[in-house]
Amino acid sequence: MNQPDLRVNLAGIAMKNPVTVASGTFGYGPEYADLIDLNRLGAIVVKGVSLNPCPGNPLPRIHETPAGMMNAIGLQNPGAKAFIKTYLPFLANYDLPVIVNIWGRTIEDYEGVAELFEGEPGVAGLELNVSCPNIKEGGNSFGTHPDLFEQVISAVRKKTTRPLLVKLSPNVPDITVFAKTAEQAGADGLSLINTLPAMAIDVETRRPRLANVVGGLSGPAIHPVAVKLVWEAARAVNIPIVGMGGILDPEDALEFIIAGASAVAVGTATFHEPTTVLRIIEGIEEYLLRHHLKSIAELRGTLKTGAR
Amino acid sequence: MNTQLEKAIIIKNEPWTPEYYLLEFSAPGISQKAAPGQFVHVKIPDRRDILLRRPFSIFKAESGTLSILYKSVGRGTRHMAKLHAGQAVNLLGPLGKGFPIPDTNKKTLLVAGGYGMAALYLTAARAQTPGLLFAGGAGKKDILCAQDFTALGWDVRLATEDGSCGTHGLVTNILDAWQARNGKSSEPELFACGPMGMLKAVAQRAKEWNCTAWISLDHYMACGMGACLACVQKINRDGEERLACTCKEGPVFEAREIIWEES
Amino acid sequence: MNQPDLRVNLAGIAMKNPVTVASGTFGYGPEYADLIDLNRLGAIVVKGVSLNPCPGNPLPRIHETPAGMMNAIGLQNPGAKAFIKTYLPFLANYDLPVIVNIWGRTIEDYEGVAELFEGEPGVAGLELNVSCPNIKEGGNSFGTHPDLFEQVISAVRKKTTRPLLVKLSPNVPDITVFAKTAEQAGADGLSLINTLPAMAIDVETRRPRLANVVGGLSGPAIHPVAVKLVWEAARAVNIPIVGMGGILDPEDALEFIIAGASAVAVGTATFHEPTTVLRIIEGIEEYLLRHHLKSIAELRGTLKTGAR
Amino acid sequence: MNTQLEKAIIIKNEPWTPEYYLLEFSAPGISQKAAPGQFVHVKIPDRRDILLRRPFSIFKAESGTLSILYKSVGRGTRHMAKLHAGQAVNLLGPLGKGFPIPDTNKKTLLVAGGYGMAALYLTAARAQTPGLLFAGGAGKKDILCAQDFTALGWDVRLATEDGSCGTHGLVTNILDAWQARNGKSSEPELFACGPMGMLKAVAQRAKEWNCTAWISLDHYMACGMGACLACVQKINRDGEERLACTCKEGPVFEAREIIWEES
């Protein structure tokens, strides 16, 4: 039988398959390059980059939870210029669309970093991480306040011609409000979900497990939450969606696609098993073959919710 | 880089001391490449709720066999203690930058606490000339493998806080005593692995004695590959202050480089 | 050494220890009474009761997830009158405060059921489940819309003299807004968290795992989310809090108390191991002894977040 | 009620057919109380990520030993297949209302598919007089324990869809054939456990033949104790339509009571 067509055009980013990696879990490219052939990925989403270097949070930065983990890395990164100098040339060696996850603490920060990447041919698209507090607006998160959310997307949209994905925060009562706002503000696609706000305490010392007190929960524990949000968002907008949150097995990725995602990203599972992303690609292909589907597009958004 | 994933087969998993277990694998790939002070990142088999791998220093590595000495302290290691011979365990390794080859112009002094004795064994086994091992702990049960060093011809000095074995006191006491007696005649090179307090004390000595100390740090890790930034340590290298991944640029750093956090 | 004092006065409800059960996971009392001595519980929170009987959702109603489960029982219950007739007399045989979890689809529903329990001496308190859509207001959930939320609490407050706990939905960007609103509207205490909205798909059939499509995620998977919300809520209000969400071990319960909860409720873990609730009580007692704490009050809200 | 929690010790856990395993426990408490058609709720040991217990019909129960026949279909049963003798497993049981004692004035007809043969074994073993077992499946591999019924002196009739064993066709075909030949001479009482389609077909027969049929239903369960309402079945009993917990009032219901969902 013919191999199914795994290709996806994600908001203008040509992916050879629908599988990428979640920002912050795969570094900037070189980290896993000796274990995993990067040419096999549909795309790479690099760790969040900001205009200026950022030292991140004090240690401990991670804590394991049942079927999940919490992190409060604090978006440590070398800054956009160092990223461009150190990592873009490395990534240029691969046949691999590079999606740069960007963030800031003010709208100007976001604009600045988006602008910097305009001149970089090695960048296929931008992913806007809006789960940061706006330090000018009293620390309200860009990702959970509709006004700030709209403003930051509109601002960045004016500064970039690249495909622009907006990464949604799961921490809202109605994801469709944010999905639609992003679409209207000019987003070319959505990524979801980011981590769930969480906390853990060492009861012996009565101290938080993370130096930052609060962190983001990821991993299989949150997968059912992510599937629900992807399904709701996919029905609310006409732009493509990258589904992520807790993918460990191919079935987890397929759930996102059936719920309406065009692509998926593997995050925390890479720490468990670095080859997960490859196993997901293979598993999706095997599934399409077994179900006689000619392309991934034939599977997308085909959830049957009618009477049983 | 020569890090690999390997499906290692358990040869042996048995109590080693009242608190530590010896886990021996058939792992031809990793064992062949392993260098002193490196570690392996162990996937807990059959427990998909335990997502993160666990890092363990490589104890011995020869002829296709790799071993670690581990203490059962939490849910990962408790599960490890139940594994039995024949079971497959996925290892990622060897990881990190371990200890350098001891400088033969200096006196090699190993300083160990807890699993530090395991982490330092390969340094001793592969050193050109035997040196001294200073090992300490709360009590006799914390002295893991003195005999392995003795067998290599090393001079082993022990100290325990309860006096149940060796000198009564801290390992740094016997180190200081040695230095007071021999410090003038030969320049020491220190290699240390153990609890944070001990490491800081050793770094302090290195500064006072103006000698080199190699310190193996123990931070929480997720990826082990330099990707997640869970394990960073602030260092000053070549005049530049920056965050280095303990899993990749460490776990061993030169004491002078390390910028210790207040605590 | 003396036994530590485990007693808690929860908004006027005298509990012999801080441990109760989460609504919907322990039935109405008789279900587990042969396995567990009900007299040992700090209180019982019964399955949600509405004014009229409710048939609930079609099957399947549950689905297991990594370290968690989803349910869409649909609040099946025999109605308040049948509950009063069948279960209150049974519960009267025990030295056990009975907290009745109530819900409705309109404000009038809520008022009606609250009023019914006014005449019942066997009821120690009410727990208001606000995670239901208001059918009159276009299906907006009472629990995530501040206005509806305030209205329903104020309305019920007028109808009941009993201690009134309000059970918060986790699905909001800022829990302190709802915690404070509840306090101002007259709540005597808060319960949190309810389940997280979630969804799972059978990729072979491409159907939702639950007939209701969407369900609520519970179990250890959500515990770190719950701890964070309890901690935030506890610092925002002066009324006591019942912490719940994913308790499996005594440490999980202790985290809630250290974060500021006055009591805790065991939910999904009862399905895993029916005796969990007893093990939690014993574990808390053992912890207090070991840490030389004379009472549970000495532990409450003692999280140390200062420099390490 | 005599439901209890019991720490059962595995005596044996081994393949029984190409797809089913026999799991035999030492469980003096539950085995002594077990009645035909009841089930146990099994906690998957060592896997805290697998929260829910798994329900399995009691196959045999005698002299302190309890056994189940289970098929490895998902993450819980896959893990069960790895358990070995000597391990402890927490059981909750016996649960539910099983099959009544067959009416000796009627002809006892058991109808089984899949694990239904296990669920019906105790009914046969404890019946006063042997009756007939009609068992079916896709193929030979689905016929679980015909010999156990034969050994009790029961008349076993088999049907497989691929004809690899017994009559070629559905189990209801051979049931119908029996009825056509014997239906006039003796009133049958049906006891059925198997896939939903088979159960519905049996209920249909009971209606047509105007006889009693006891149907064991298989719904997803969380608590097993009537507390969570995961497993409800709409029934009509004593003229009142209501939802009954399959785990407590079932799994066995009289066919007439069951209000089947359209599907």
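Annotations
Should a chain be cited, it is by its letter among A, B, C and D, assigned in written order, with residues numbered from 1 in that chain.
Assume a contact is a pair of C-beta atoms (placed from the backbone, for glycine too) under 8 Å apart; a residue touches a chain by one contact, two chains touch by 3 or more.
On a predicted model such as this, the values are computed, not experimentally measured, just so you know.
The chains touching chain A as well as chain B are C, D.
Chains that touch both chain A and chain D are the following: B, C.
Centre-to-centre, using mean CA coordinates, chain B is 56 Å away from chain D.
The geometric centre of chain C is 36 Å away from that of chain D, both derived from CA atoms. Averaging C-alpha coordinates per chain places the centre of chain A 33 Å away from that of chain C.
Chain B and chain C, compared by their mean Cα positions, are separated by 47 Å. The multi-chain contact residues of chain C, meaning those touching 2 or more other chains, are 58, 66-68, 220, 248, 308.
Within chain D, residues 48-49 each touch two or more of the remaining chains.
Chain-to-chain contact here is organised exhaustively, every possible pair of chains being in touch. By the touch criterion given at the top, residues 1, 3-5, 43, 48-53, 90, 92, 219-232, 243, 248, 261 of chain B touch chain A in their complex.
The touching residues of chain B, when paired with chain D in their complex, are 46-49, 79, 82. Of all residues in chain C, those touching chain D in their complex are 24-27, 31-32, 34-35, 47, 55-56, 58-64, 66-69, 71, 73, 76, 219-220, 248, 268-275. Only residues 66-67, 307-308 of chain A touch chain D when the two sit together in their complex. Those residues of chain A whose C-beta lies close enough to touch chain C in the complex are 58, 65-68, 70, 141, 144-145, 169, 171-174, 196-201, 203, 205-208, 211, 213-214, 217, 220-225, 227-228, 231, 246, 248, 251, 254-255, 258-259, 287, 302-305, 308.
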